[in-house]
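One chain, chain A, links the two complexes that follow: it is found with chain B in the first and with chain C in the second.
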Partner chain A sequence: MKHTDNSITEPTKTYRRIMPNTWWLKKGSYTLFMLRELSSVFVAIYAIFLLIRLCALSQGAEIYNSKTAIFNSGWMIALHAVMWVFIMYHMITWFKISGRIFGKKPLSPGLVTIANYIVWVVVSVVLFLIITKG
Partner chain B sequence: MAEEIKITVTRYNPDKEAELKTQTFTIPYHNDWSILDGLNYIKAELDGTLTYRWSCRMAVCGSCGMMVNGTPRLTCSTYLNEFYPGEITIEPLANFPIIRDLVVDLTDFMDKLKEVKPWIIRKNKSDENDTSKEYIQTTAQMDKYYQQTLCINCTLCYAACPVYGLHPDFIGPAVIALGYRYNNDSRDQGKDERRKFLASEDGVWKCTVVGDCTEVCPKHVDPSAVIQRTKVDNATNWFFSFLKGKK
Partner chain C sequence: MGLLKKINALEPLWWSLFGLGGMIAAFILPVHLFLHGIAIPMGWVSPDLLSYERMMSVLSSPYGIIVKLFLFSIISFPLFHAAHRIRLTIEDLRIGWLNTIMPLISYGGAIVLSVITIVVLFYKLS
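Presenting the complex of A and B:
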């Protein structure tokens, strides 16, 4: 039998698996993660729309109405409906994650997530009142 | 007829094959057998060349991690009865290079483990050798990091992390969790030293919060939350040093 020196280890020939581009379709949690990433695009689009409206608003009522007329078209309303779904998904997932990050003793993850929702509802109601009454 | 169950395993012999193969074995089904018991049966009775790692058989040593029907699991604490009468597919842990059959190369993980300096660091280096000093810790102080001391380095979190699969330079969940464990130990003073590694390009900021590391962790270390807390800590630190004009 050939004698080998055990203290010397031969470099091992290993096999590397390549992740296919469709890796995110392999598991429900990966797909949901990708949808959350995609939702950021809709958040960004909405922010751009909001900036366009604010710019138009600063130029007076008439210019605002003419420049933002496009937002009343059917396809824009449909796009906003899709954006709303993705933005809600974005919000729900991040509220849940923030619970896990900040929900350390004495707080609990559930408590932090609920606090996020409460702040969201309060801010929304205040904004609604300012807009409708103001 | 005695009940049986089919187990399909990945086979790879670097000296003979260039590609991975699979092989299916039919073994007796016992309600109280773990998957590891099944693999041990194959090795003892059907094919002695099947190669895999294991040691403690009680979810302590962390060496028996494999992909069980696509999910990283400890095979000593995953039971055949969870799948019976269905079939079971066992693959080596995902995202690591394969050495042989079900054994993966953990060199990369071991190197990163050292780099996070998983020991108590004192600013005054003589403290580290001074055994006369006592560092008293309250239960509340220990609570801050206890959960992360439970890590058994089984690397299931690495196999579950697509970020590590796509960018093998990413430090990865367990190593960051270990850094967090020492950073939050009241006896430790090495947070700044570890920050260079944890907040580096391949550190916490590479994590995109998929969250599967936490899902598969057999010890509930919750690496996903810990990584995000480390991000918050690094961002706060950067902000205050920016205010102080250090950056």
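Presenting the complex of A and C:
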């Protein structure tokens, strides 16, 4: 065993539990935790997609239109639908955690979470109107 | 290894950017992704909203600077959010060799992409 090599620096031989890197599949709540962490991958992909669109925009109409055609394709819309589900899951978990962090007297965690949802609805409606009508 | 130590010493900065990016991702990205990734491509709302002509006219209008700052915020900060979270998750997954270089890859990647975003938005599209 490799651990015995450390016996000089370690005063006691500590028991080390072997932790396989599939530990998060053992329990439902661990898997949900991992899905929450995975949501950040989709957040990053969306940010990179936006950057790709802007790069194409800066390269002229022809390149921009060909990139837009890719973003309008069926599989790309399907991918965005999956990304949207993960980003909604990020939003739900984020507001739940906000409640736990900022939910101190006189506000309860539940009230903070509800306030977050109210602001979210307002922000979403305003942004929707600005982007589509502005 | 000096560089990695310096990166780890900036933990409060990475944590703050994680929080800011997480807020933006939670409040703004659901409606933004729904419109740009699903509703406009599906034709539920006017596809002309993302046409080259309209995009260029919006960005060169007097309020174009606000749109550019908005676009920078929804690209850069969510990238730092993801960088921090992915780095911590890799630590949880205990992939030893990746753990040590992950701060460099993730935060470095977010910095590089943010710089590219600034160059594209404020130099190439000006």
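Here is the rule we go by: the second predicted complex is superposed on the first by the 108 of 134 C-alpha atoms of A that agree within 3 Å, B and C clash if a C-alpha of one lies under 4 Å from a C-alpha of the other, contacts with A are read in each partner's own complex, and residues count from 1 in each chain.
Throughout what follows, a contact is a pair of C-beta atoms (placed from the backbone, for glycine too) under 8 Å apart; a residue touches a chain by one contact, two chains touch by 3 or more.
Everything numeric here is computed off the predicted structure, so don't read it as measured data.
After superposition onto chain A, partners chain B and chain C are found to sit side by side with no clash.
Looking at the shared chain after the overlay, A:43 reaches chain C, while chain B stays out of its contact range. Counting the residues of chain A that each partner touches, chain B and chain C differ, and the larger count belongs to C. In the superposed model, A:80 makes contact with chain C only, not with chain B.
In the superposition on chain A, A:71 contacts chain C only, with no contact to chain B. Touch criterion met: A:123 reaches chain C, while chain B stays clear of it. Of the two partner chains placed by the overlay, only chain B lies in contact with A:13; chain C stays clear of it.
Once the two complexes are overlaid on the shared chain, A:105 sits against chain B while remaining clear of chain C.
In the superposition on chain A, contact of A:57 is made with chain C only, not with chain B. Taking the two complexes aligned on chain A, the least Cα distance separating chain B from chain C is 5 Å. Comparing which residues of chain A touch chain B with which touch chain C, the overlap comprises 19, 24, 37.
For chain A in complex with chain C, the touching residues are 19, 21, 24, 34, 37, 40-41, 43-44, 46-51, 54-55, 57-58, 61, 64-65, 68, 71-72, 76-77, 80-81, 83-84, 87-88, 90-91, 94-95, 116, 119-120, 123-124, 127-128, 131-132. On the side of chain B, the complex with chain A involves touching residues 12, 14-15, 20, 70, 94-95, 97-99, 105, 143, 162, 165-166, 208-212, 214-215, 222, 224-225, 228-229, 232. Those residues of chain A that touch chain B in the complex are listed here as 12-17, 19, 23-24, 26-27, 29-30, 33, 37, 97, 100-101, 104-105. Contact residues on chain C toward chain A in their complex (touch as defined above): 21-23, 25-38, 41-42, 45-47, 49-50, 52-53, 55-56, 59, 71, 74-76, 78-79, 81-83, 85-86, 88-89, 92-95, 113, 116-117, 120-121, 124-125.
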